[in-house]
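Everything below concerns the one structure shown next.
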Amino acid sequence: MKRVLDSLNEGFHRVMKERPEVVVIGQDILDPYGGAFKVTRGLSTDYPERVITSPISEAGITGVGIGLALQKFRPVVEVMFGDFTTLIVDQLINHGTKIYAMYGQRVPLPLTVRTPMGARRGYGPTHSQSLERLFMGVPGLNVVAVSPLVDPGELLTQVILSDGPSLFVENKTLYSHPLWSEESSIQGMKVTRSEDTFPSCTLSYGEEPDVTLVTYGGMTPICLKAAARLREEEELICDVVILHEISPFKVDAIGASLRKSRRMVVAEEGTYSWGWGAEVIARLSEYRFDAPPVRVAAREVPIPAARSMEDEVLPQVRDVVAAAIQTVDSDLR
Amino acid sequence: MKRVLDSLNEGFHRVMKERPEVVVIGQDILDPYGGAFKVTRGLSTDYPERVITSPISEAGITGVGIGLALQKFRPVVEVMFGDFTTLIVDQLINHGTKIYAMYGQRVPLPLTVRTPMGARRGYGPTHSQSLERLFMGVPGLNVVAVSPLVDPGELLTQVILSDGPSLFVENKTLYSHPLWSEESSIQGMKVTRSEDTFPSCTLSYGEEPDVTLVTYGGMTPICLKAAARLREEEELICDVVILHEISPFKVDAIGASLRKSRRMVVAEEGTYSWGWGAEVIARLSEYRFDAPPVRVAAREVPIPAARSMEDEVLPQVRDVVAAAIQTVDSDLR
Amino acid sequence: MLSQIETDFRDMLLIRRTEELILQLFTEGKVSGTTHTCIGQEANAIALISQLDPAIDFVMSNHRCHGHYLSFGCSLEGLLGEIMGRANGICGGRGGSQHLKSGNFFSNGVLGGGAAIACGLALGEKLKKQNGIAVWCLSDGALGEGVVYESLNMAALWNLPILFFVENNLYAQSTPIALGVAGSVVDRAKPFGIHADEIDTTDVEQLRPWCSEMIEYVRTNRKPAWAVVDTYRLAAHSKGDDNRPEEELARHREHDPLYLLRRRVSDACIENAEKWVEDVLAKAAEAAENSPASTMDGELS
Amino acid sequence: MLSQIETDFRDMLLIRRTEELILQLFTEGKVSGTTHTCIGQEANAIALISQLDPAIDFVMSNHRCHGHYLSFGCSLEGLLGEIMGRANGICGGRGGSQHLKSGNFFSNGVLGGGAAIACGLALGEKLKKQNGIAVWCLSDGALGEGVVYESLNMAALWNLPILFFVENNLYAQSTPIALGVAGSVVDRAKPFGIHADEIDTTDVEQLRPWCSEMIEYVRTNRKPAWAVVDTYRLAAHSKGDDNRPEEELARHREHDPLYLLRRRVSDACIENAEKWVEDVLAKAAEAAENSPASTMDGELS
């Protein structure tokens, strides 16, 4: 059984083999340690010259990545925990994306910043956040998030091969999750993939949906569980739309389902306000809804270390279920 | 004629006089220079011990502010251009707001970070951004923005006297703008203020509104011009709702107007996606709309230095006018 | 009355046993998340932090904070409860192993940023014309973060009473210092005009007077200092990840600060200390066990 | 053929007159936004940057970048057009005074961050086993940014061919160095094990050989160096903001790099240079004037 982690690692090996311009920089990425979450395992053994272990200087190594990209390399910078991307905001917003677009000509900047985001492991307030929010809507920056649905190693490869700066988000809970990407049917749902480089996937029971669940990344398995439960216990049929390119994103797949369901729940692991879901709802507001769309997200507090409290703060299957029910029960003001 | 700048400076002087625990830190804030935009002018002469000019270390001085706040001071940190708040994201997200809320007890952290945001002065891609977006929705952080409608010096004072960390946003174009805050009628519109510490203001022609314009900060005068033009040229009546506490924000004033207009335009100077307006629309999606709400915001490119191009990229009166017309002409999909 | 060495032995033993218990709780799956022990580095914590005055001084610590916390006189029960996610945790279970606050003690698992906050705490002392000092704890890895140098510059410019307490344990997670830190650790503060000194020992009896001098330098001169202790962590970085060569570990085990003292104190002292620690720890563990799981109630929810 | 000193005089004069013209355009309201001139510092730009090879070397400059840009051989027309917001601007009017790119030359108005990017450029040279070097330009104020030290550490750890070019002009905007920089400027790189040297002159004839040595050190040893030039800006920080005492300015005007050379070259040389500069500048200004205002067309819109 291949897991998301294996796929990422294999994809990484493949792209480094095929593309001599791929260079990896990060903290503690050398073998035998192979990186805090082991995504980079084996790379330093196979490509010792192109895998550079770094000091604990998140801003510094992102800048180095930008410089390497200007030198026509395809650098991949690992930020050990997504929480520490707070330290690279200046590099990405005022340097990387600016170089890409402010000089009156497109300056290719194939930089990938990879980072694990997310909670549910008891790591506490500074090692559990989903901060990709900070990078959504940054002009010139692509944010791509892994799910078990689209081969993660292939997704990573495509990000690495793109010509602009990208943030590649890996939700920690997914690392050990089995891949679904080869399957055409998942938990009784049919999968439709868009033709894009970073596909949108629509999972559907083949029946007219009552509600469209929209999500990405680590909330994918949770939304699927919610869909199953809603079907069994509430006789509510959901489509689940999973995006991979989350900023900027295409509304097509969401819109197509919404036209049928006219009800939407957007689920994400990050905090509620100005989260991913805010833009999804704002963008889809041109559509006719039978009930206000509902967002499911983390409570707006630091994520507690104790698992008991962490569970209370983070969005759970039950929250997605409740939100879907709400869209069916409620009405516009 | 008192300008926003004068009011800020007077408020600053007042609060420093009344509150010995207010300490100011920033770059180039000593007299005679008095700060890049002169908001701090005179403070170092009157309170030499409490005005500290700093090295060019945005992260560092924000951290110092956090430490001072823990010492029961009320530090005000100036970031010379809002563009450089990219450098304090870690301090605000992983330190200041975390200290405030992650230790199982409320640790008072009365830190104010003040900064000028915005463009329209030809300062180019790295000195013109409206990056407050980055700080909206950060748990525990208040974002407050100046307008000419609510006494800016008083607003600043209230932020300084609040017990949590805040970002205080001053749009550069407002500095020289005359104060409207004493007036009960502005450009023929009646002003209603909410009772909150950071009031919401509704400007209305006293007629049933066709459209509700929602905005904050530097877009305030632009929205008022748009409202006037819409009334004169299009016979469309707008309410203009101006918020000052922009994150978190209260929907009451917006909702009250929306219930009448059922059409909304949200205008901001920052970039479009995941901007302030996204959350406004998402939050108000419970309301009945007769047409999809429309956002007016900056184009998603670096802000060019040349004024000709800057004007093309930034939201103008004409864009607000067009958006309002769009809400009247368009229909839901 | 215990002599200084006897007290130090007992207090270091408490830290050691506490952290061993914590590791065991993780192994048994009773706790989730992560933790970083200071096993092997206890002498630093005791020698420096226990000489501070919790009523007036401030400590800003990092991910490897238990020893600092206990040496500052903070509650053992509160620590165990915190790590076990109980309501009696010092932060009600919210912070966990890396995020502790008790009085003037703070820790945060994000490296670097605390340096500037400690400068702010020190600036507060200066503005209030008080006698306290601020201590910021770091190890070699944190030298990679730029804000450290912003802080050194401010500390020197403004004559801040801050002690940068560098526990150089030669590794940052899996990264040996040679791959993470160029040049000299002790010299890093010198171009800022900051008094810097280094001591290479795990012997609390050597550390104590040296730490006392460094503290006094800061307290008396109202100026920053950079105090580098060369040490070694004998346990894994966090729970079990350790790729260091066994010979290297063995070599350093001979400098285990507890082992050093065991050869100097009496058997009775050792026995009493073991007994006392066992008791204290058992009580604290029991209190934590009996405390309910923490919940999101109260003003912070 | 002009001698070295004659060439240098002419090139420095071009920078001076160009910036004077730019300031005049601002005063006349023909340009908006802001600009930072290197008036008084031209010798640094000429002595260091003009000795680089634009085909293989990289320059990462800052807000005060016109001198570096011209010394690297980039287009004068492109610069004037850029600042005037014309389509013929080197960046099509998008960047303005602070954000220039031409070939291997880059500038950005945000302080600090370029240090790390220059390290990346240097690392690229290393990985490609090429001969180029990267130069990052900073002044005393940028020493406040933490990323500078992250970059020094990486540059030293990885033996990067990068030259940190520190134009210490004693001020950061309105802030005198004593209020912004603790300790020593030249020493800041030393604890990282980086070769550092300082020269206190505005005399291009002294600077040229010294810069040549610093460049050669980096190019040959494939290692970083920290080159500090003590200098002075004779004009305001940006357009007109200047609170420095007149005596101080007067003292430094005696070291105006152009003034120094005027006493050494012939009257004919001066006359020819003035004439040449006037012509070149007039042509460039005319080209910019004739170029249409820039618009948001093309792939970047």
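We call the chains A, B, C and D, going by the order they appear; numbering starts again at 1 in every chain.
Assume contacts are C-beta pairs under 8 Å (C-beta built on N, C-alpha and C of every residue); 3 or more make two chains touch, one makes a residue touch a chain.
Remember, predicted model here, so these are calculated numbers, not experimental data.
Asks: Compute the shortest path length in steps from subunit B to subunit C over the network of touching chains.
Replies: 1
Asks: Just how far, in Å, is the C-alpha centre of subunit D from the one of subunit C?
Replies: From the centre of subunit C to the centre of subunit D is 46 Å.
Asks: Suppose each chain is reduced to the average of its Cα coordinates; what separation in Å results between subunit A and subunit C?
Replies: Taking the average C-alpha coordinate of subunit A and of subunit C, the gap between them is 36 Å.
Asks: For subunit A and subunit B, what's the span in angstrom between their mean Cα positions?
Replies: 30
Asks: Hey, what residues on subunit A touch two or more of the other chains?
Replies: 54-55, 57, 59-60, 83-84, 87, 90, 94, 98, 101-102, 124-126, 301-302, 304
Asks: Where does subunit D touch two or more other chains at once, residue-wise?
Replies: Where subunit D meets two or more other chains at a single residue, that happens at 89, 93-95, 99, 108, 110, 112, 143-147, 150, 153-154, 157, 179-181, 300.
Asks: Looking at which chains touch which, would you call it a line, ring, star, complete or other?
Replies: complete
Asks: Can you list the subunit A residues touching subunit B in their complex?
Replies: 83-84, 86-87, 89-90, 93-94, 97-98, 101-102, 124-126, 129, 131, 133-134, 136-137, 139-140, 247-248, 259, 271-279, 281-282, 285-289, 292-293, 295, 300-302, 304, 332-333
Asks: Could you list, by residue number, the parts of subunit B that touch subunit D in their complex?
Replies: So the residues of subunit B in touch with subunit D come to 27-28, 30, 32-33, 36, 53-57, 59-60, 83-84, 87, 121-127, 299, 301-302, 304-309, 312-313.
Asks: Write out the stretch or stretches of subunit C touching subunit B in their complex.
Replies: 58, 89-95, 99-101, 106, 108, 110, 112-125, 127-128, 134, 146-147, 150-151, 153-154, 157-158, 299-300
Asks: In the complex of these two chains, what residues of subunit D are touching subunit C?
Replies: That would be residues 143-150, 152-157, 179-184, 187-188, 190-194 of subunit D.
Asks: State the interface residues of subunit C toward subunit A in the complex, per the touch definition above.
Replies: Against subunit A, the touching part of subunit C is residues 31-34, 82, 85-86, 89, 93-99, 108-112, 141-146, 172-175, 179-181, 241, 243, 293-296, 300-301.
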